[in-house]
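Worksheet: the structure to be examined is printed underneath.
By letter and in written order, the chains are A, B and C; residue numbering begins at 1 in each of them.
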Amino acid sequence: MNRWLLVAAVVVTLALPPLLPERHLGTFVLLGLAATVTAGVSMLMGYAGQVSLGQASFYAIGGYAAGLLTVHGVPTLAGLLAAPVVAAVAAVLLGAPLLRLRGHHLAFATLAMQLILLSLLGRGDWAGGAIGLQGIPTLPVGGDLGYAYLSWAVLAVVLVISRNIVASRAGRGLRAAATSEIAAAAGGVAIGRYRLTVFALSAAFAGLAGGVYAFYLGYLSPGSFPVLLSIEFVVMAVVGGLGTIAGPVVGATVIVLLVQALNTLGTQPGMPGYAPSVLSYAVYALLLVVTVLYLPRGIVPAVTDRLVKERRP
Amino acid sequence: MNVAEVAGLTVRYGGATALDGVDLTVAEGDLVALIGPNGAGKTTLVKALSGLVRPAAGRVTVRGRLAQVPEGREMFGDLSVDDNLRLGGWRNGRGGRDTTEIYRLLPALDGLRRRRAGLLSGGEQQMVAIGRALMARPDVLVVDELSLGLAPLVVTDLIAHLRTLNAERGLAVLLIEQNARLALDLCRRAYVLEAGRIVLHGPADDLAHNQRVTAAYLGGPVR
Amino acid sequence: MSDFLGYLLTGLGIGAGYALVASGLVAIHRVTRVVNFAQGAFAVVAAMLTSSLLAAGLPHGFAELTGVLTAALAGLLVGLVAIGRPGTTPGTSLIITLGLGIFAYAIEIVIWGDQPRSFAGVPGVAVVGGARLQAHYLLILAVTVPVFLAMAAFFARTDVGKALSACASNPYAALVVGIDVRRMGLLAFALGGALGGLAGVLTTPVQQVTFDSDVTLLVNGFAAAILGGLTRPVVALGGGLLLGVAQTLIAGYGGSAYQLEVALVLMLAVMIVQASRRGAVPEPAR
């Protein structure tokens, strides 16, 4: 049954882009990218027990890496491939000191990391400063439709990698580490290394998504990567269900669709100018709070549990 | 009349049953011992009596006030001895938090008033824990592991205090002890708890000569 | 030299604001082990409300007090959601406060819009020992110092203050002696709200406030509080003042405004040093 669900999901995803009206195609692309970043956050939180409030940093690093390289004449494909690599290398360098921290310390450290990055980008003339980096070439994928398929292909790759990680020995070790560090250490799990690996991998996911984003928009600025974006990824991961494969996709989809619907509502004539942003803040906040209080494991585990129960009454 | 009483008490932690249909009473002015091996459920019973765990089944009735000397002493380590004692009287309201009386009862604490409780020796901490429990002006005092980690002389001293409190103020005591000899010496009645069930109970003298008790808890038959 | 004195006093005034935010974080964290990500929002709400009340013609003092009390109420509400449900772990509560901090954005924008706001404080320039600085900084100090003294007295002398410390020191023992630990946690949240609110109303005349100013306030407050491991109010005061002075001196002599970066780098350094001292022992779960 699970397999049929997967096949159905793939078919729908493949069939959807040509059917979508032009103005929704962009949402579809961004949804694929958001789910890609969220897959990393979900893995980080679910398997390594780490709250990262700075995942948008790696999204930005990937984006700027791809953008800067190609602006300076590197071929676009090489730029795209460099994006996850640069993000992962940055994660390894940053992670070595930061991952000594746990819990709220790590949350603040990752937040600090992003604020520092934003300030560096905002002041760095080499990166276009606060105005941003312009004139990034586009990928030869044939316009928005091509980007729609590309972003979801990227998501598919990332999900397959996540799945393999989850099933691997390292994945089991990490899950143990997330629940009890001492127990995992006693069991001979080299937590530090696994943790850093997952951190780097999640950064690579974000970096790859960021690369696609840079080519898709053709323009980047520090303002595209606010702290709030990092929090949005956390919300998507938590709502979907941490440490699950489908969770990031479900979480991102639910939230993007809701925000999109409310955005449409908020821009109706007669609505105050602030309505769209207020509505989206409220949605993120309420979904996050309600989920952790009443559906602490997220949507996907809750639904799977129900299905399993129904089959075995 | 019973100051504390549990009937058919069952407590579960998740799936594991820690107490299984336990009946136990402590009468006014009584001295009751509860002995049993590690993991038998003694501390769980104390928690149930103090309302800190919810019974899955059965009843817990406390008439009057119950105070406990918790397992492991559980000091407010960052606070002074005097503050620890004062907070023992938290339930009494502002008027009932005067510590003078406790220093008279346990003079050893007098010199320690301003010391940080976390830095005291084990015996001193146990004394504070007893003083803190007495601050609640209890009708029944539950002491979980009186002797753990303490020198024999200190234990003798504490036991003497409990005896005095019992004799002079009619304070009922439920004493939980690994040192069964000590508990059976002090108390009039005793219960033996094993794997969550009361397997024996009766006058302490009888239990002290019970074969099963002597073999398991008193290191062989009495000579 | 008088430059230096001016920077120093200005820095102390700015740092006092951080210290208030920090002590709010500490008050909440000590008792509940929750790091309150909505702490900056208390300052924003209090400041915005005060600006509205002043604009409506209410007198100074009354307006500020109303702002602070409203922030205390906001603190209580955040506490109710964050720790009100039995069995909520500190980690979950942290995520909840993060959500509530964002929810505050929605409320703030609806009520006050998304433009920066400010209001007049103590007008004019003061001259202290030859140094000139905005007189309002002196008011910030004149309020913050007594507030910290009063808090110290509250924790050291009153039974409720001791009960709060008791919950911080040993929550299980607190339950044993009959202290309602959750109620104390809510009280801590209300206190944290009031302290955050006070920071907001005191600093807004010299530093205008926007709905998303909370991130800066929160980060600076956390940087100040982390020096004392989020448990020691006095160290938080020292940390806040130090941070304020360091930022002002760097801005004054360095000529550039790397203020937030100073706090961020300091915070990272402190945390990493603390972690390596602890030998990366996992935090005690509770």
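Following the convention adopted for this analysis, contacts are C-beta pairs under 8 Å (C-beta built on N, C-alpha and C of every residue); 3 or more make two chains touch, one makes a residue touch a chain.
Keep in mind that this is a model prediction, so the values were computed, not measured.
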Components of the interchain contact network lacking chain C: A | B
item	value
Chain whose averaged C-alpha position falls nearest the assembly-wide average	C
Whole-Å gap between the CA centroids of chain B and chain C	43
Euclidean distance of C-alpha centroids - chain A vs chain B, Å	55
Distance between chain centroids, defined by C-alpha means - chain A, chain C (Å)	31
In the complex with chain A, residue positions of chain C that touch it	35, 81, 85, 88, 90-92, 94-96, 98-103, 105-106, 109-110, 113-114, 215, 219, 222, 226, 258, 260-261, 264-265, 267-268, 271-272, 275-276, 280, 282-283
Parts of chain A lying in touch with chain C, wherever the complex brings them together	51, 53, 97-98, 100-105, 107-109, 111-113, 115-116, 119, 181-182, 227-228, 231, 234-235, 238, 274, 277-279, 281-282, 284-286, 288-289, 292-293, 296
Chain B contact footprint on chain C (complex, rising order)	159, 162-163, 165-166, 168-170, 172-179
Residues of chain B touching chain C in the complex	50, 52, 68, 70, 74-79, 83, 86-88, 90-91, 94, 97, 118, 132, 136
